[in-house]
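Before anything else, here is the set of structures, which you'll find just below.
Okay, so chain A shows up in both of these, paired with chain B first and chain C after.
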Partner chain A sequence: MKPALLPGSLWAVLAAVFLVLPFAQHDYLLGIGLSFLMWLALTQSWSVLSSMTGYISLGHVVFYGLGSYTVVVSWQQLPLWVSIPLGGLLAAVFAVIVGLPVLRVRGPYFVILTFGLAELVKYVLLAVEAAMGVSSRLLFGAPDLVQIYWMMLSLAVASTALLWFVHHSRFGHGLKSIRENEDAAETLGVPITRYKLWAYMLSAVIPGMVGGVMALRSTYFEASQAFDPMISINMIVMALIGGGTTAMGPLIGVAFLVALSELLWTEAPQFYMVILGLLLVIFVMKLPNGLLGWHEARRRKHGRAAL
Partner chain B sequence: MKMLSLQGVSKNFWGLRAVSDVSFDVDQGQMVGLMGANGAGKTTLFNLITGHLAPSHGQILLNGENIAGLRPDAICRRGVGRTFQIVKPFPGLSVRDNLMTAALFGSDRYRNREAARQHCEDILGETGMSALADVPASDLTLARQKKLELARAVATDCKLLLLDEVMAGLTPTEVAEVTATIRQLHAARGLTVLIIEHVMRALMDLSERIVVLHHGEKIAEGAPEEIASNSRVHEVYFGEAV
Partner chain C sequence: MGVLDVLFSGQLLFAALLTGALYAIVAVGLNMVYGTMRLLNVAHGDLVMIGAYGAYWFFTGFGLSPLAAAPVVAVGCALLGLVLYRLLFAQLLRTTGNPVQLEARSLLLFFGLSMVIQNIMATLETATPRAYQYLEVVYRVGGLAMTGNRLAALLVALAVCIAVALFLRFSVFGLALRGVIERPDAARIVGVNVERVHWVSVVLGFGVAGVAGVLVSMMEQFSPFIGFPFTIAAFIVIILAGLGNIAGGLIAGLLLGAIEVYGVALTSPNWRSVLLYGIFVFVLIVLPKGIFARRGRA
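Moving on to the complex of A and B:
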């Protein structure tokens, strides 16, 4: 099949570009690259749960925030190669603890519950920080942009690989069955509770680590920013615009929105949110399967016409 | 040899006794019909056997092991497959991928994707669905969705197959076709089959033995001709004794 060749070579070209980018000595470009990689890492991870199982998480920022907090609190006490993975680990542990009750709830209730949970953690942390007399924490001596970039590149690659492996595995087939009809999946032998929990946990690890790396980038921590619900919403919109369950979908969505935000940032930053909202409405109503889904449906139609 | 043995199984929904002290056995390789009016407790009984409900009392023995209260996926892996009265296809997946879920997860035999794929091709062939393998399940007619439901249950590599009204809503030609498919699967795969069916002809044709439920209680059990002339069954069905 001809079209199958495209994604493989596209990934190779993309990897080459991102490997060369830091040597261009261009901070603005590197910043955009970092932002792209960050969203890619987050959205691919989000997809492991939400695209695969249909359980739409509107609270994935909670893992990002927990990872951020871990790195900031342990700053200059733990080396980064310990504290960043620790952030991912804590995010995963948190996912397992809350996952059992949360994943019993389906559909819109799950969406609202995950959102509420992330907000709850944010306000608890704000209260804790206030009680300790800390309003924001500063990081001195954080690594430079190029080092942060390399960390983020590895996370984006890991996240893409994770989604790829899940998509092509027996486990992934089970997750897709859960999305299509949970009762039928269970009747056919899919251990639904265990699988949903695994998916939730796997989708939390990398966002936790991304949060940790981004704390180094902003060099300060404030709960209301590290737990900003906009981060969760961005992940959903990016995945939705891309569509599909493969690693290709988020890539398209992330490229599209990062480009859009860069274009608007200088001219009219307030428009970004307006356009984001509009896009969300248009895609949900007209292209619920995203650009990738739309493209595949067109290909199928043409394929059938050719028969 | 007893494959399935229900011993004093009851299910209460709050005050209502949906299934009341039902006992019967199904021997290996048998085809047994389950008959009764709407609300007699037939589907509830299926749900108890497949773990979608836990019985309030009684034991359900599968090859001697009590499976009452286990989760549906665990019961499936012990060799029980079922279809649903209201079909539950995976609409966004192809017919083949619908079967793949059953093959990959229904038993330990086809965990390997290549082995699972081959197994699915076999079953698609046996059920006459090979030509539809790549069609999304959402594009199938009801009759074909019912067939998919049957093929998918068999793809779990089950030993005991529970069929819940697979013929409802089908034309006489389709009923004949599905009856033939069930008979063929039963013979070729050595399945033990328990059937709920409102299409009486098909039920009488297929079953070696029939169990009749009424208001959750077993009121008769026997060969089809015995059931057809049973006065208690006539009373319940037609309001008068023969």
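Moving on to the complex of A and C:
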């Protein structure tokens, strides 16, 4: 695999920008940076399962929500350096428990099943919270934006590194063989059940921790927001716009959608959703391999024309 | 009132029948579109929503009764289906050979369409729920009290389901449709015009979904975002009943309606969505091949 589109220098520049950003003392910019890092962390994690294996999860918000809930429930009882990783751990445990039955379901049924599962967990939590007489929980004395930013930066770096390592590992090649032809992969001795379960678990940990950190940012918790299906949909659209299985694809998609949502989300949320929907339609119909795939196809065509 | 009185009340039975008939009529259209083309139409519930607003516009704008508006709304939804078929579905079917890939792509495509439809409606009509009052007269039979709109909705839903089931059972088109569902390649070889079956299924399916929306709007308030639970319910119904099995869909719809209504009566309305999504997850996991079980045998 030639890393023509993955210049290390770009990542270095990006890292430098994000390392300097907090010192600019500019809350608005820092907020945008935070949302960029959050989506990067989520989408890179999502890719570990979905781009690699082709099992498209439309319910990754469930891990985010569980992490959020963990931090909120243990607020002022556990220190954050315990509760945030605990959120990630619980998300991973949940992934392992539901993973075995859920990952047996293939193709589009897997997609709608993950969606249904996330909604099920959301409604169970809503019903439980209502039965306990809690409608929303507030967090008092949450850390300030700069601290939250540093936590998110480390999660984004961890998530990107995770995808990089999986992409270049033997394990990653196994996952890609599942995507190309699961039955053939199994026949050739790829332990598909174990690999899929590992991928599912690995892709759950960081979203769980991201959810915990974002609970600190919003300083309150409401199940319908922490489990908002839009979070899952955003991840898919971002990955789909970028395309490919490398860490570069999500980066392109995240940059594009964060800019778009910054322009439209607060001013005209419904218009933003219409645009998002149209993007899905256009990319599925015209560019199913994303911008990265389109670029590579063009390069190949031009390369051949030159010969 | 004790638990047993609740369970044996005619009121609850009526509610279960009504919910079930609604689920069945919503599922009819999804069954045809999914069955013949393998397009996973997650925007199906949004057509129900469009139908509801259509009836509302005719009622508030022209004073037209929803039952009279139903055919007009059905034609409108059918035309929308035809346009989408020409613009998107036909191309998607042509360019994607592999059925698994087709289903995954169609799912994302319809998800995008669903977001577009919901948010255009939310821009036009705001997200505030709407409702209107129609046929609120109460009929009493023994201890059972039914409002006219609910009774009418039940009868229309059952009539439409039975009519579609009979049409597909006894017409030549129905035979072609079942052929396309079971063996699309074989159907083409024996001379079935597969493309025509496709677009007629879209037109019929979308039209019936519009009628379902009219019925919903007669009884309940609705917002641009009511569609998705209907889609989920319709998926449960067609997975339980099997592709192309409209009569089975009626039974599965009634079963789902009964589970939901009696389940909520025994717990609380907070658990309604838990129950619906719970059944959905359960059905998908326990029947992991879902509807494909049939294809595997063939």
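Convention: the second predicted complex is superposed on the first by the 298 of 307 C-alpha atoms of A that agree within 3 Å, B and C clash if a C-alpha of one lies under 4 Å from a C-alpha of the other, contacts with A are read in each partner's own complex, and residues count from 1 in each chain.
Just so it is clear, a contact is a pair of C-beta atoms (placed from the backbone, for glycine too) under 8 Å apart; a residue touches a chain by one contact, two chains touch by 3 or more.
Please read these numbers as outputs of a predicted model, since none were measured by experiment.
Using the contact criterion defined above for the overlaid structures, shared-chain residue A:186 touches chain B, although it does not reach chain C. Touched residues of chain A were counted for both chain B and chain C, and C has more of them. By the touch criterion defined above, A:123 lies against chain C but remains apart from chain B after alignment on the C-alpha atoms of chain A. Counting contacts as defined above, no chain A residue meets chain B in one complex and chain C in the other. Chain B makes touch with chain A in their complex at residues 50, 52, 71-73, 76-77, 82, 84, 88-93, 97, 100-102, 104-107, 111, 113, 152-153, 156. Within the complex formed with chain B, the residues of chain A that make contact are 170, 173-174, 176-177, 179-181, 183-192.
Residues 54, 56, 58, 101-102, 104-109, 111-113, 116-117, 119-120, 123-124, 126-127, 130-131, 233, 236, 240, 270-271, 273-274, 276-281, 284-285, 288 of chain A are the ones touching chain C in the complex.
On the side of chain C, the complex with chain A involves touching residues 40, 42, 88, 91-92, 100, 103-109, 111-116, 118-120, 122-123, 232, 235, 268, 270-271, 273-274, 277-278, 280-281, 284-285, 288, 290.
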